[in-house]
Every structure is written in structure tokens, then in C-alpha cells.
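Note that chain A is present in both complexes that follow, paired respectively with chain B and with chain C.
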Partner chain A sequence: MNVLLDVLLRAVVWLALAPLLPGIITKTKAWVAGRRGPPVLQLSYDLARLWRKGVVLSTLVSPGFVIGPAVAWVAVFGAALLLPLGALGTGLGFEGDVLLFVYLLALARFCTAWAAMETGSAFEGMGAAREVSYAVLSEAAIIAAVLALCVQSGSTSLVAMLTPAAGAGAVLLAAGLFVVLLAENCRVPFDDPNTHLELTMIHEVMVLDHSGPPLAVILHGASVKLLLFAVFLTEAVLPMGSLTPLAATGALAASVLVVTLATGMTESLLARFAFRRVPLLLTVGFLLCLFALLFAWRGGPA
Partner chain B sequence: MNHALDLLIGLVMGLNLLALGSGRLPSLIRAVSLQGVALGVMPLLMEPEVRWHVALVALATVTGKGLVIPALLRRAMRTANIDREILPFVGFVPSLLLGAGGTIAAMVLAHELPLLPEQTGSLIVPGALASIFTGFLLLIGRSKAIAQVSGYLILENGIYLFGLLLIHAMPLMVEAGILLDLTVGVFIFGIIVDRIQREFDSIDTRKLTTLRE
Partner chain C sequence: MSESSPFALFPNTASLPWADVPEWPGAEFVRATAGELDRGARLCAWFGVPESKGVRLVAVIAFDADNTLAVGRSTPIVGAYPALTATHPQAHLFEREVHEQHALVPTGHPWLKSVRASAGTAPAPDAFFRVEGREVHEVAVGPVHAGIIEPGHFRFQCAGEEVLHLEIALGYQHRGVEAALLGGPHRATRSQIETAAGDTTIAHATAPAQVLEALAGAEAPLRAQWMRAVALELERLANHTGDLGALSGDVAFLPTAAACGKIRGDFLNLTALVCGNRFGRGLVLPGGARHDLEPARVVAVLERLAPAMEEVERAATWLWDAASVRSRFENIGTVFTPQAAELGLVGLAARACGLVRDVRYDQPAGWYRFAQAPIAVWPGGDVFARARVRWLEIQRSGAFLLEQLSAPPESHLLDPLPASAPDTFAVALVEGWRGEVCHAALTDRAGRFQSYKIVDPSFHNWAGLALALRGQAISDFPLCNKSFNLSYCGFDL
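Coming up: the complex of A and B.
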């Protein structure tokens, strides 16, 4: 009973806090540009509005068009539940759960791409192709980062990996994971979440034909994914285990806020990269994580 | 204490990557100057109590490598009206991969080297070797004179990092001499860049390989 309550509480925390992050990013951007900007809760209002709307389905689509976003949402949410929340530990963790974590994220991406292909539109196929070709490099970076944490802690469970302090490679890991965060969540140097210019859209292309509740599920899933990467980045770098529970929770919340603000500042200060330059930046992110792995491997025992 | 030092060496290695991957001269110069500041702070972290000799070296390095030399480079870039794009001989992704391979090789090599026991676990030696390799790569793989100067600076940063192992044995005069040489070197480089620019209307060093009457 206690376990159930614990998991339920965690679920509420993840689901309720996630839509705040895109709101904070938009607010930061508006603040830098000297505008007032939409309220922080704007995404929640949008979700409520979309949830009440009907769904428009093309005559071509199979049930996969609706199942895809649903599965993707469940996969991201499941991955989020595996992550420990500061000192609270994790509700569902087990030895080797990091593999499940990586695969759940991959499953979510597959389902989003699949649902995009369901529309039978060449344009959405192109968006899916772009998304997946970026993912090849960013997934390599995630795997390198996860391996670095595994080698460093000598464990394959997320709780054991994320509680001790990162070793010598902490700076590299933080930079690499931040690049991954930007790429995975389609933020600015890689993709512009606000753009509706056909040639440059990536993620937006894939969700173009979704409407009503499925679109709400996709948007909410994206915000959970953003929160998930922010929490992962924070816990990978900060020594959560050496703080008192209260301090750890506070530090986690503060650093997630800092990561979110940093994302907003990046979006305000950087222009989108040209398509040709994106693999270069992703390679840098991958190599940063790889160097962190190298440090964990060579520098660890000393 | 040692942990912070390792973090800084990690930063230096990350900046090596950034220097290899940056496509514009200002970002390359920024990476080099940040690296200089990181290197300058290192002597302060290497021992528990700060002595004036070490503090002086640190201060000179931070101002020299972090402020003066980058300012000279920026000035040379501005006065010579250089196009900011770096035209590489070796493409960005290949040079990144080569740099990563070099860093991995440096790690392995440093593990095999017969170092003093108190330095076997330290990341200074791999960091130094990786920076030297990165510097060579930039010297070989970029066509603009300023990018080559930056490569030379990263190469020298690697040598400096190696020199940190000997900070107690090496007298202050040697450090000061190296820094002075470096500053004069960059100064001369700036003048040469300006001359090349006036003579050829570009600082592409490829033009220097053909002889004219």
C-alpha cells in the first residue's frame, strides 16, 4: 500500500511539474527580448483546451496514429519514474534499470516517428527521418554518458549511479548532457520549437497532423522528457548522496531551474545552426560524454 | 584539492574539442583564452598553501594567456580585416574524431609511461599530451594563419601543463621567460599576419607555397 502511494505521489510530482518547464523557458526568452510573454502555466491551459477538443483523423491512418503518442507518453513517463528524485530514491528501481531507461526513451522516439509516418505524408516522413538521424548521434552520447556513470559507480542501477559525486569528468559530462538535452528536446541550436517554416521544422513536422487529445499527450510527453533530462543532468553531476535529504531536494529543484533558465538563455542568445553544422555539434556532445567515460575509466581508481 | 585540479584538466580537454570543432575565428580564440585561464588557476590548486612564487606564475599566466594574447589575436584579426570563417584542410568532424582518438591514445600512453608514483593517477600527463596533439592537429589542419597561431598556443598550453609537474623544481625566471617568448611570438605573428594580408589580400597560407618573381 505504501509503495503504491509512493509511486502515485511521484507520478503527481512528475506530471504536474513538467508543463512548468516549457513555460519557464518561454518566460525567459520573453524577458530577454523585453516582452512580458505568456504565463508560465500556458502549456497547462493549452493541454486542458486540447483535451476538450475532438480528433481529426485522416482516412489513411491506422490505429497506430493514436496508439503511437499514447505509447510514447507511457514510455517517457515510465522512464521518469525510474529516475530517483533527490534523496527520495526511486519507487521502481532495480538492478540494471538503466538499460530499461535507455530503451524506454528509444521506444518513445520510435513511436513518435511511427505515428508521424502513419499520416502517409511525405513531409512528415521527412521530419521523422531528420529526427531519427539526429537521434543516432544523441543516443550514442546518452549511452556514453550512462556508461561513464556505470564505470564510475560500478553499478547498473540508476540510484547507485546518480547518488555519488561525478568524478573528474563532471564538467565534460555536464556539457555533453546539456548538448544532448537541447538535441533530444528539439531546442534551439538544433530545432526551433516555434518555427512553422517548412524547410527547417523537425519535431514540429512530426506532430503537424495530430489534433485534440493525442496532440495534448504529445506535448505533455515532450515536457516530461524535458524535465527528465534536466533531472538526469543534475543528478549525474551533483553529489546527491552527500547532502541531507532536504538539501538534496532543494539542490535538485534549484539546479533543474538553472538548467531550464540556461536552456532559455541559449535559445535567446543563439541562432539555429545550419543543417550541416548540427552533426558537428552532436559529435562534440558525444565526444564530451566519451571523454567523461575515459576519465571514469582511467582516472577513477586513482 | 586534487579533485578540482582534475575538473580543470577535464575542462581543458573539453576546450580542446571545442577548438577543433569551432568554425569561426572568434570562438576559436575564446576557447584558447578560456584554456589559458583554466591553466593559470591550476598552480594555485596544486598545493595547500599559496606561495608568492606560485601566485605570481598563476597571475602572469592568467593575464598573459587569458587576456593579453587573445586581445592581440583579436586586434590582428580586426586590423587585417580577416574573414571570420575558418577554412579547414582537414574537415571539422574528421579533426574532432582525430582529436578524440589522440586523447584516448594520450590516456593509454600516460598509463604506460614510467611516471613518479605520486603522479601516476594524475590527469596532468594525459591532458598535456592531448593538448599537444590537438595543437599539432590545428597547426596542420587549418589554412588561416590566425587559426594556426591558436593551434600553436594550444600546443604551448600542453607544454605548460607538462611543466606544472616540475613547478617546484623550475625557477620563476624560466616560467617568465617562456611567457615572454610566447607574447613576443604572438606579437610577431600579428605583424606577419598583417603583412601577409597586405601582400596577398588574404591570410590563406596556401598562397605562401607558390613562388613569384
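Coming up: the complex of A and C.
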């Protein structure tokens, strides 16, 4: 019973807090631009609105068009539940759960691309092609980061990996994972979440034909993914194990906020990269994680 | 160069009797026009005038180096004539237009399809140019777009992300402006013309006013000419500032995008302060101007102009200082200088290719005979060059305005205009913010419009955008498109 309650509480925390992050990023950008900006809860309002709407389905699509976003949402949410929340640890962890974590994220991407291809639209095909091309590099970076944590902690369980400090490679890991966070969550300089220009989109163009509840699920899933990466980045770098439970929770919340603000500032002050330069930056992210791995491997215990 | 021209020479905003315009049979007329274009002239307008025995072709060309315009016409043609486009690509859209409007067939035209003809409510679905190949795919964008912009259809032939060819189909906003003007000027004429392209209101209102003044053999009072120049430069400031912001927005560079949106509003509000309308509607009248700027309001305009110029300077500095922006602008969407010359690009798109081409300097009329801003030219032909020319023009128009507003000429504002001369042809060119706005009118025996031709700069420049996309990544199309920022309604008329 306690386990069930624990998982439920965690689910509420993840699902309720996630939509705040895009709101904070938007607020940061508005503040830099000297505007007031939409309320922090805007995404929640949008989700409520979309949930009440009907669904427009093309006559061409198979059920995959709706199943794709649903599976993707479940996969991301599942991956989130595997992550320990500071001192609370995780309710579902097991030895080797990091492999499931990585594969769940890959499954979510596959399902989004699958649903996009269902429409047969040239735009969405282009977007899916771009998404999976860049994923080749960003997934390599995630795997390098995970390996670095594994080697350092000598474990393949997320709780054990994320509790101690990342050691000498912490700065490298933080920089590398921040690049991955920006790329995976379609933020500037990789993608522009605000653009209306279909031809320049990566992630946004894949969901152009979705509407109503499936779109709400996609948007909510994207915010959970953003929170997931922010939590992962924070816990990979900070020595959560050496803090008191209260301090650990506070540090986690503060760091997630800092990461979110940093994303907002990056987005405010940097122009978006041309597509041909995206692999360059992603490779840099991969190399940073790779060097963190080398540190963990050859640098000895932190 | 122009002295030995067989065409009838006349300065900008002048008229000449229709009978004095030299005429040739169709094929010889095309050859004569080709000869003039080979000698460095530029095609400003090419259109048909229907008569009982056929359709006369009329060519208005500009000898920029000699600051003079020239006009020639053909004898009435029925059926086919040899295409000018075969040797001079700058005529390609004009000849398609003549084909569409008057059913003349320019033989040898490589791509003879409709320009803006409607099949019901949309342009005719003519076949698009296709690139064949297993790796080639086609992307169709529009006419309904994701943003609040005008309708146009873009058909890309792509190999992966690379664009091999772009074809642009417009005409979705064809309202029949030119046809509505025939038999005019009547009561609606002025508002019909000045809304040919809403963001170019002053230029599209000044040109017909000058045409009517030329037809009547009159000139607007000096103070009205000064008012028109002030309004025209304010229009340029507002649009260029908005475009710098939009360019910055397209590469997701927030600071300049946010600031320029606000400053554009400041400039538009200055126009509103001058005449009560943010786009300058109703300010320019044939024979003068409707609103005067009394000393108190001149001071008010000056007081608001100076801080707005400082703000736009700051916003532009952010843009030029950001390396991430520069890497998006440089070497993207390049139109090479020979291409630009061959296509007959005008305005800032031409100046961004290093062509020194500015009506205010080459064919000065109105107030620009007395006061000039230096021409802003930048070599390169890429998005960066077009952004850079915009910035140079913002600075120079700002300086021009500060100078002109401090010394207004003294005169009355509006003269009643005598009736237009019968059987007379008049042309007015105005350098709008996009480029050369050309209006040409021919009166009938009663002095009414027998033919009225409007050429928006977009008509010349859309082909430049299509060329700029060759070999580019398709994801850079919105950026290239914005760097030209051409008018759909000005093209569709």
C-alpha cells in the first residue's frame, strides 16, 4: 500500500510541476524582452483547453496517429518515475534500470516520429527525418554520460549512480548534459519552440496535424521530458547523497529552477543555429560527456 | 548613352503626347527594346494597350546613368510576337502578364503560364516545374500559411534538405486594381491606388499624384512635395525597422526582435502624428497634400524621432554584435550581381547585390531634386547584405528627416488640379521602401485613363527570391523570404 501511495505522490509531483517549466522559460524570455509575458501557468490552461476540444483526424491515418503520442507520453512518464527525487529515492528502481531509462526515451522518440509519418505530409516527414538524425548524436551523448556515471559509481541502478557527486568530470558532465537538454527539448539554439515557420521546425512540425487531447498529451509529455532532463542533469552533478534530506530536496528544486532560467536566458540571448551547424554543437556535447567518462574511468574515485 | 536612342526620352514624372511615342511593328519593337536594354537600360514596365485593331505593346525603360526615362510602343499586334524574354529575362513576368491579359503569345518564352489569373478563387493550377529523380521530393507550402501573412504558394524541388528549384505562384489577392482605374480618375481612384500595397501607401499614393500632375501639366506646391518626402522616409524607417526585427525573430534572436517591433510602432505613430493615419492613408492628394505640419507639430515629430533613432541604433547594434546572428545571415540566400542585373531587380534587393540603383538618386523627382540621402549599397547579395542595406537606409533616412524637418519650405499646400490632357502618356517612379514603384497612365480623347499600369517593386523581385534559394537549405527559406519581404498584394493587384 505504501509503495502504491509513494508512486502516486511521485506521479502527482511530476505531472503537476512539469508544465511550470515552459511557463518559467517563457516568463524569463518575456522579462529579457521587456514584456510582461503570459502567466507561468499558461501551459496548464492550454492543456485544459485542448482536453475539452475535439480531435481532427485525417482520412489517411492509421490508429498509430493517436497511439503514438499516448505511448510516447507513457514512456516519458515511466522514465521520469525511474529517476530518484533527491533524498526520496525512487519507488521503482532496480539494478539495471538505467538501461530501461535510456530505452524508454528512445521509444518515446520513435512513437512521436511514427505518429508524424502517419499523415504523409511533406512537412512532418521532414521534421521526423531531422529529429531522428539529430537524435543519433544526442543519444550518443546521453549514453556517454550514463556510462560515465556507471563507471564512477560502479552500479547500473539510477539511485546508486545519481547519489554521489560526479567527481572531477562534474563540470564536463553538466555542460554536456545541458547541451543535450537543449537539443532533446527543442530549445534554441537547436529548434525554436515559438516559430510558426513550418520549414524551419524540427519537433514542432511533427505535431502540426495533431489536435485536441492528443496534442495536449504531446505538449504535456514534452514538459515532463524537460523536467526529467533538468532533474537528471542536477542529480548527475550534485552530491545528493551527502546532503540532509531537506537540503537535498531544496538543492534539487533550486537547481532545476536554475537550469530552467539558464534555458530561458540562452533562448533570449542566442540566435538559433543553422541546421548544418547543429551536428557540430551536438558533437561538442557528446565529447564533453565522453571526457567525463574518461575522467571517471582513469581519474580514480572523486 | 541615351542620346542616340530611338525611344522618346522624358524625365521622371513628365508627360508626352501619345502621338510622339515612336512605334514599330511587333518584331522590330522587341528588337529595338532589346537593343536599348543591351545598352544599359532597364525595363521599368512592359504592358499592352488594347485598341480596335489589336494590342499595342508599350515599353518604359530607364537609363539610370543619364537620369532619363524612355518610352516606345509597337503597332497593334494580333496573335504572336517574338518574346523579349528569350534574350532578356527581366521581361519574363511582364510578358506572361501580357499573355494573360491580352492573349498575345510571346513565341520563345521559356515558361509561359499565368501570373495571377483566377480559376474560381485561386490561381490556375498550371503545372509546376518538376525535377525528376529518385532522391528528389517536392514540398508545397501555402497558400494558407501558419502565421498571419499574405497568401502565396511556394513549390520546392528538394534533394534532402537542399533546394534545387523554387517556383512561386501568386495571384490569390488579385482584386483587379488596374481594371478598376480605367475611365478614371473617379472618386474611388485615390483610395484604390494607395492601397495597392498597404505597407507602401505613401509611395503608391505619391506616384499617381505625380502622374496626374504631369498629365495636367502642373506641379505640386513645394511644401506638399516636402511633406511627401517626409512621409515617404518615415514609411521607409518603419518598414526597415520592422524587417530588421522580423529577420532577427526568424533566427530566434529575441532582443532585437522585441525592440524593433516596438520601435516600428513608434515610427508608424509619427506618421499618424503627421496625418492621423499610421500608414499615411489620405495624406497625399493629386495637386498637393491634405495635412500640413505646423511648427508645433514639427517640433513634436523631431522630439520623438531623435529618441526612436537612438533606440533603433541600440537594437541594431545587438544584432550586428551577435556572432550567432551573423553566422545565420552570412552566405545565405545569395543573389549574384550579374543575376540581379539580368533579372532587373530593384530597390534594396538590388542595392544589396552591389547595384547602385535608387530612383531618388537616378531619376529624382519631387522634393528629391533638392535634397538627397546617400545611396546605401552593400556587396554580397546575401541575407546579411539585405539586412545591412536596411540598416544603412534607416540611418540615412533618419538623418535626412532630421535635416529636412529643421528647415521646412514655405508655401501653400494644395493647388486645384486642371483637367488631364487628352491622348497623353505619363510615368512616375517613386523609390518606395522596397524599391521602385512605377505608375504609368495613358489618357483617352476625353482625358480619362485609357490605360493605367502599376508596377510594384515586388513584381521585379520575386524572381530574385526564387534564385536566392537555389542550393540553399530549405530550412533557410523563411529567412531568405523575410530578407526580401516582398509584397503579395502589390504583385497581385
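What to note about this one:
Throughout what follows, the second predicted complex is superposed on the first by the 300 of 302 C-alpha atoms of A that agree within 3 Å, B and C clash if a C-alpha of one lies under 4 Å from a C-alpha of the other, contacts with A are read in each partner's own complex, and residues count from 1 in each chain.
One rule holds in what follows: a residue touches a chain if its C-beta (ideal position, glycine included) is under 8 Å from a C-beta of that chain, and two chains touch if they have at least 3 such contacts.
Computed from a predicted structure; not experimentally measured.
Of the two partner chains placed by the overlay, only chain C lies in contact with A:33; chain B stays clear of it. Of the two partner chains, chain B is the only one touched by A:170; chain C is not. Once the two complexes are laid over each other on the shared chain, residue contacts for A:281 go to chain B alone; chain C is not touched. Once the two complexes are laid over each other on the shared chain, residue contacts for A:188 go to chain C alone; chain B is not touched. After overlaying the two complexes on the shared chain, residue contacts for A:290 are found with chain B alone; chain C is out of touch.
In the overlay built on the shared chain, the residue A:268 is in contact with chain C alone; chain B does not reach it.
Within the superposed three-chain model, A:52 lies out of touch with both chain B and chain C [touch as defined at top].
By the touch criterion defined above, A:298 lies against chain B but remains apart from chain C after alignment on the C-alpha atoms of chain A. According to the touch criterion, the shared surface of chain A, contacted by chain B in one complex and chain C in the other, consists of residues 277. Remark: chain A residues 29, 32-35, 122-123, 126, 188-189, 192, 194-200, 267-277 touch chain C in the complex. Within the complex, the chain C residues that touch chain A are 137-141, 145-147, 161, 248, 250-255, 257-259, 322, 324-325, 327-328, 332, 473-479. Here chain B touches chain A in the complex through residues 3, 6-7, 9-11, 13-14, 17-18, 21, 23, 92-93, 96-97, 99-100, 103-104, 107, 111, 120-123, 126, going by the rule given at the top. Taken in their complex, chain A has these residues touching chain B: 167-172, 175, 277, 279-281, 283-284, 287-288, 290-292, 294-295, 298-299, 301-302.
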